[in-house]
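Which chain is which? They are A, B, C and D, in the order written, and residues in each are numbered from 1.
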């Protein structure tokens, strides 16, 4: 994932945060906390997973397929920008 | 989450497995593995999260709202069974 | 879907609106409009579908499983309210 | 959506099928059919919507960003193929 050299640190920080959220769920299950609490924690993790996914896919498009800000081909640049926008909506 | 006393161990095992999967993603990012590899790992975690969510919600319905197998009210029992089926489909 | 007698009109109006949105997508495809336009229309329909689903499931819970505002059993009422909240989050 | 000239007919047929499914939901609501029936119909429409979305995005990638089968740049071709695979998984 060579293109990640730049954003690598940021992505790894995100994955670690997710791990921390899972540990909180584990503790909540251990402590037999109310369902509502656990289900809300799980919903947060799902949201965070979607955010991570969207960022990974955007990085992939920008670094390996077409970077809208740098592509010499203006049509492909526009199409890649549209693709990134659509991905964000669908992975929200 | 008192009803979890029974399934608690199973759920905690699931959360730990998820944590293991996130650690694998962290290592893959550290090692700068190809995007395709990381994106597939993330897809697996999403699937596992959905499975965990579906199980937590089913447990919640069965233990706090209505258990289709034990509810004295046959109409509510049927409606709860339908609800569980629908939840499984939507969270797949 | 007897409980729908009340909200039936509202739900049917929602389904018809969805049909109208699909007709707009059909026209956009016929007119060979830009991908970005069509993909945004599809994203709207998906959002509207999720809204309809959440409403149908909430109606189902309230009318056939437990209505948090009317259930004599306070624990079940609370659990049903939590379930409705969680469903809304997951189907957003 | 010029690239659709080829697949246009197929996509429009898909949208029309979706419209037919919505009409069936409308009839089911009118006839006050059981919730379980309606919720299953809605689940089918959601699945069909996701399929349509995945196809539109794949078409967009192939025709406007990079077609893995025709791109002269082998790295971009591979990255686009990975992207299409990932999209299919996430939109399932």
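Just so it is clear, a contact is a pair of C-beta atoms (placed from the backbone, for glycine too) under 8 Å apart; a residue touches a chain by one contact, two chains touch by 3 or more.
Here the structure is a predicted model, which is why all the values come from computation and not from measurement.
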item: Chain pair with more C-beta contacts, A-C versus A-D; value: A-D
item: Reference interface C-D: repeating pair among B-C, A-B or B-D with over half of contacts shared; value: A-B
item: Mean-CA-position distance for chain D and chain A (Å); value: 23
item: Separation of chain A from chain B, taking each centre as the mean of its C-alpha atoms, in whole Å; value: 20
item: Geometric centre distance via CA averages, chain C-chain A, whole Å; value: 26
item: Sites on chain B at which at least two other chains make contact; value: 35, 39, 43, 46, 53, 57, 60, 64, 79, 82, 86, 90
item: Touching residues on chain B, where the partner in the complex is chain A; value: 1-5, 8, 11-12, 15-16, 18-19, 22-23, 25-26, 28-30, 32-35, 37-39, 42-43, 45-46, 49-50, 52-53, 56-57, 59-60, 63-64
item: Chain A to chain D touching residues, read off their complex; value: 53, 57, 60-61, 64-66, 75-76, 78-80, 82-83, 86, 90-91
item: Chain C residues within the chain A interface of the complex; value: 35-36, 39-40, 43, 46, 79, 82, 85-86, 89-90
